[in-house]
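Here come two complexes built around subunit A, the first alongside subunit B, the second alongside subunit C.
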Partner chain A sequence: MTTIKRTGSSDLVWLILKFTVAILIALIAVFPIWWMINVVFAHPGEPVSLNPRLWPTSLSAGVSKIQAIFAETGYLRAYGISIAYSVLTIAGVLTVASLAAFEFSLFDFPGRRLLFGVVLLALMVPTAVTIIPTYLITSRLGWINTMQGLVVPGVASAFGLFMLVQFMRAIPKDMIEAARLDGASHLQIYWFVALPLCRNALVTLAILTFIQAWGNYMWPLIISTQTDMYTVGQVVGLFNSPLSHNTVDTVMTANLLAAIPPLLFFLIFQRKIVEGVAMSGTKG
Partner chain B sequence: MSFRRHLPHYLMIAPFMILFAAFFLYPIASGLFYSFHDWNGVQTPVFVGLGNYEKIIHSRDFSRAMINLATYIAITVPLGIIVALCLALLVDSFTGRWSNFFRNAFFMPVVLPAFLSATIWRWIYAPNFGLLNTILGFFGAESVNFLNDTGTMLYALIAVDVWVSAGFNMVIILAGLKNIPTELYEAARLDGASKWQQTVFITIPMLGPVLFFVFTYGFISAMQVFDKPWLLTGSSFASYGGRRNALLFPVMDMMGRAFGGVKFGEAAAYGFILTLAIVSITALMFAVRSWRER
Partner chain C sequence: MSFIDISSVAKTYGPVNVLENVSLSIERGEFVVFVGPSGCGKSTLLRMVSGLETITAGTISIDGEVVNNVEPAARGVSMVFQSYALYPHMTTFENVSFGLRMAHKPKVFIEESVKRVAEILRLGSLVDRRPSQLSGGQKQRVAIGRAIVREPRVFLFDEPLSNLDAELRVQMRAELTDLHRRLGTTMIYVTHDQVEAMTLADKMVVMNGGRIQQAGTPLQLYDDPDNQFVAGFVGSPKMNFLPAQIASVGPSEIRVTGVAGTGQGVLPLGGVVRQPGPVTLGIRPENMRVLPSGENSSGLVVEGLVKLVEELGSESFVHVELKDGTRIIVRAGRRASEAQAVVRVESIAKSALLFDIDGQRVRGAGKSL
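The block that comes next holds the complex of A and B.
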């Protein structure tokens, strides 16, 4: 109560203004996503003038559209491919980067600085220069239209390594020494000491990797050239192409289904995602 | 002896380093090799010296793409940061739950895959029945074909771009705001500085390094823009760039030469030209920054 008494009327105007602006911007940010949901959950026949799709109007219409898209198109298969692609990429990135980060952050060996320096340089090299030659070597390995072609070239993530090194540096060297004196092997120290201590960083990296892999459009576009290897991004792209004769309802259903996994992740892990992005910015 | 002692270390970094060498270092080296050769992916590469580079620089698509890119960057990078800074200050002025709520709402577009932000906006921009034209029609305006009118295409892309990047930059700026010592504001308040003066003379200067990072990062990713213009124009390797190449960008041009025209040497050279541009401009920005700090 005291705070309200002390705030003058100009402060109150300011507060109302602030809220109005913030809510308006929030609407702009969220509305396209909201609108997509409304288009899906509305009877397809209703003209926009009668139902402007400002809120969901029919659950059953949405469900039947989703069923139709899974039954009539290769969408379900693409979904499976995208999930496999994301999960395998996460597993690969976490394993390979945490093994290397463990060494780079906690031990010293000849060549450590040089090797780490080279990896750091990679952070500054734009994808534009690597994508074509990486495609060429992947193609020479015969990995076009294969899962390994999608996953393996993206596993050695310099960003992932850098992030985990930052975290593992904080592990006290005494703990490593103590574990060693207790007779733990190198691999055991990694598994039982280092990994549990940087669990938070691993989860954050996993989420960021998921969002990145699920949203990757460019790499699958050139690696998956056959329809049975298409990812969700490509199928969504095809649905939207000028030559496709899909209605806005079908396209938005495809869009919505592609948006669900990252949005779900965001609702569950919002703090981790926001912190992860903020950290990659302030420490980078 | 010494090597055997260090062997476990090397074994642990081996998976990363091998993959890194195979799919990062080697491609760069081989890309450089191909960039001096005429190669369609099947026949043996023919050495052409700087031929590819010359061909690209003199091509009409290249200058079109570069002009588009320059206009795009000149608007989207500063605009994205100004919007992000305003959003961050706005979110920061709230406390507790509201602050979190607005931050999450503004951040939501970032989580969406880039291909989705493009495809959703395609429908918002659609002529006649699209959302934006419906709203404009409400005010009595004529229907605009945003993605097929060379006068509006670039701005349509920038709007989508800012819609996404503002939330991303905002989160980084917010982290920077948290690092500004509160004593500074207290001292300023005691000296009678208004909220506005505090923002201009404390917040923004203290955010310098963060804003510089956001600017460089935004610049580097804008230089390589691909997904959004590609999908907004409904491109394929057979035809891309939209009407009269109004949304043709360097990476699209590069990808088109590789997978549409099967000219891998030219595409590799394209990548190097682009990288050279990115690296030299970034280096220049760093140089200007350290010169100003002195």
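The block that comes next holds the complex of A and C.
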């Protein structure tokens, strides 16, 4: 009985400790976002006054700031560019990675191991190393300031391929052979058997690709030199630049608008994202 | 010409020979079972018939047409896999109809075909369920349904009952026999379980080391094996093998001595041309009996120590270690003996088979033993 009591009380202490740490970490993580909302939805200067408030005071002030940004800057267009960039990148990555993974994981062909080794090597090379040759190729193709220039270089994702290969390797070979005997063509096996079986992996890869594409700053900065091809990240960069002459609350509004899509995405697909990150740790 | 003709077929993976010079004829409507130990090449041969495996040498023809270079789907064969290979994201209906949908058959035709198969296999209430919602036996029936619905010329089964428990296996065996009788389609079935092979087969093909050891009806193989491997593989408990020496060969009999050390006897085997020398005697457990103490016998008698008695209710298997260390099993009645007892075992000499030291059967000129 004594042992049980002691175990019970130490469990309780451990529980309290865990929750305290978790809440503290959550507060540290959430505070910047909350502060951003607080600054946007308040009268100018109020949150940073001598008597700062930690909660929003004026919904209408926030709304008018958002309206002003959309009306007076190219923010809405940048939003459109970013959404198109993200969606097309997702579609491209999923298509290319799943087709390549299908071949690498389920079929044998000459040079398969060597080619897959090259893919693994590509995983280890930092983006900064390849960015100049990639730019030169894109430039020679005449794709500067174009959507294809933004999207196409990011479509062949070594990480995506590697992740899907791990998934597709788990598909029993019998299933592929059964489909062959059932008269399914190569592409039909891909479409009707392999793709549905790795749906979870595809969803995870789509989410991770969205987060990566939406937050990508370096590549759009290089490839989109004209303002009408700016992504949200670049526009926010303009707001934040030292010579922009914008007030803190306007900058915060621009930042908040940029953060909303990934935040929504995170809230909706929270579980999948955690699974995906865990998976990329163990399998990627 | 046979319906399926496998002619001098070989399969190699690099330097490894998996199948060597395999030839076999299968008649239309026959239920043929390939049986043998793991790695004997039986599944490879089945997969070569299906087209999932390429043929290194030789030809396979179905209904007169050589199919070596014909795509699996175009061969008119269906296969049931050991793992069932059902598509987990599809319902029973979608699984069964997959082949028909790939062939772009009309919707009405697909629905009617699936309905007909569902009736044959009693799948009616399961059509909307996914594989994860089915039991092992139900999954197996869906896999068979997927094979049936395409109305193939040949059904191929690759150890389809291995994943089922013993009771369900017996039930499914009966269902397969019934299905074969109703459909009358040629079936080729692969198993390592000789009991399964004996109960299902019209023709049983025993394989070992990439070669066909013998093909024939199950009772032919049981009664008249060509070699020691087939004799030992077919039958449960397996045939007993006793080392012996041919002492003399007469016109109608052979005298053997040194049977498992000290035993001797006369085998009524005529017309054998052989020099005296070492051989192996093969005697089935049911052709041996434990001699009651005090009873004398002039026949082939060996003595040994009972190591184990397996009581099965109606009968028992007595495991005996003979003086030279050879272990034999005797099929006996209830409580025939007790462990650690010294017993004498008598064999029916006329049912003993004789094998050469290289394992080949030594047959007489007259009626084989």
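Following the convention adopted for this analysis, the second predicted complex is superposed on the first by the 255 of 284 C-alpha atoms of A that agree within 3 Å, B and C clash if a C-alpha of one lies under 4 Å from a C-alpha of the other, contacts with A are read in each partner's own complex, and residues count from 1 in each chain.
Convention: a residue touches a chain if its C-beta (ideal position, glycine included) is under 8 Å from a C-beta of that chain, and two chains touch if they have at least 3 such contacts.
None of the values given here were measured: they were computed from a predicted structure.
Participant: In the superposed model on subunit A, is it clash or fit for subunit B and subunit C?
Facilitator: Aligned on subunit A, subunit B and subunit C fit with no clash.
Participant: So if I put the vertex at the Cα centre of subunit A, how wide is the angle out to the Cα centres of subunit B and subunit C? Nearest 10 degrees is fine.
Facilitator: In the superposed model, the angle at subunit A is 100 degrees.
Participant: With both complexes superposed on chain A, which partner does A:Pro172 reach: first (subunit B), second (subunit C), both or neither?
Facilitator: Once the two structures are laid over each other on A, A:Pro172 reaches subunit C alone.
Participant: I want to verify the contact counts: of subunit B and subunit C, which reaches more residues of subunit A?
Facilitator: B
Participant: Which partner chains sit in contact with A:Val193 here, subunit B, subunit C, both or neither? Use first/second/both/neither.
Facilitator: Touch partner of A:Val193: subunit C, not subunit B.
Participant: Of the partners subunit B and subunit C, which touch A:Arg180 in the superposed model: first, second, both, neither?
Facilitator: The second partner, subunit C, only.
Participant: Applying the document's definition of touch, where does A:Met218 land relative to subunit B and subunit C: first, second, both, or neither?
Facilitator: Touch status of A:Met218: first partner only.
Participant: Of the partners subunit B and subunit C, which touch A:Phe109 in the superposed model: first, second, both, neither?
Facilitator: A:Phe109 sits against subunit B, while subunit C stays out of touch.
Participant: Classify the contacts of A:Pro32 with the two partner chains as first (subunit B alone), second (subunit C alone), both, or neither.
Facilitator: After superposition on chain A, A:Pro32 lies in contact with subunit B alone.
Participant: Upon superposition of the two complexes, what minimum C-alpha distance (Å) separates subunit B from subunit C?
Facilitator: 11
Participant: Along subunit A, where are the residues that touch subunit C in the complex?
Facilitator: So the residues of subunit A in touch with subunit C come to 172, 174-175, 177-185, 188, 192-193, 196-197, 199.
Participant: Which residues of subunit B touch subunit A in their complex?
Facilitator: 2, 6, 8-10, 12-13, 15-17, 19-20, 22-28, 30-31, 34, 41, 87, 90-91, 93-94, 98, 101-117, 119-124, 126, 129, 131, 134, 163, 167-168, 171-172, 174-176, 179, 210, 213-214, 217, 220, 223-224, 226-227, 230-231, 234, 236, 250-251, 254-255, 258-259, 264, 267-268, 271-272, 274-275, 278-279, 282
Participant: Applying the document's contact rule, which stretches of subunit A touch subunit B when the two form their complex?
Facilitator: Interface residues on the subunit A side: 18, 21-22, 25-26, 28-30, 32-33, 35-36, 48, 52, 95-97, 99-100, 102-104, 107, 109-110, 112, 115, 118-119, 122, 124-139, 152-156, 158, 161, 186, 190, 211, 214-218, 222, 233, 236-237, 239-243, 248, 251-252, 255, 258-259, 262-263, 265-266, 270, 273-274, 277-279, 281-282, 284.
Participant: What does subunit C use to touch subunit A in their complex?
Facilitator: Per the stated touch rule, the residues are 50-52, 72-73, 77-79, 81-83, 85-89, 98-99, 102-103, 146, 150.
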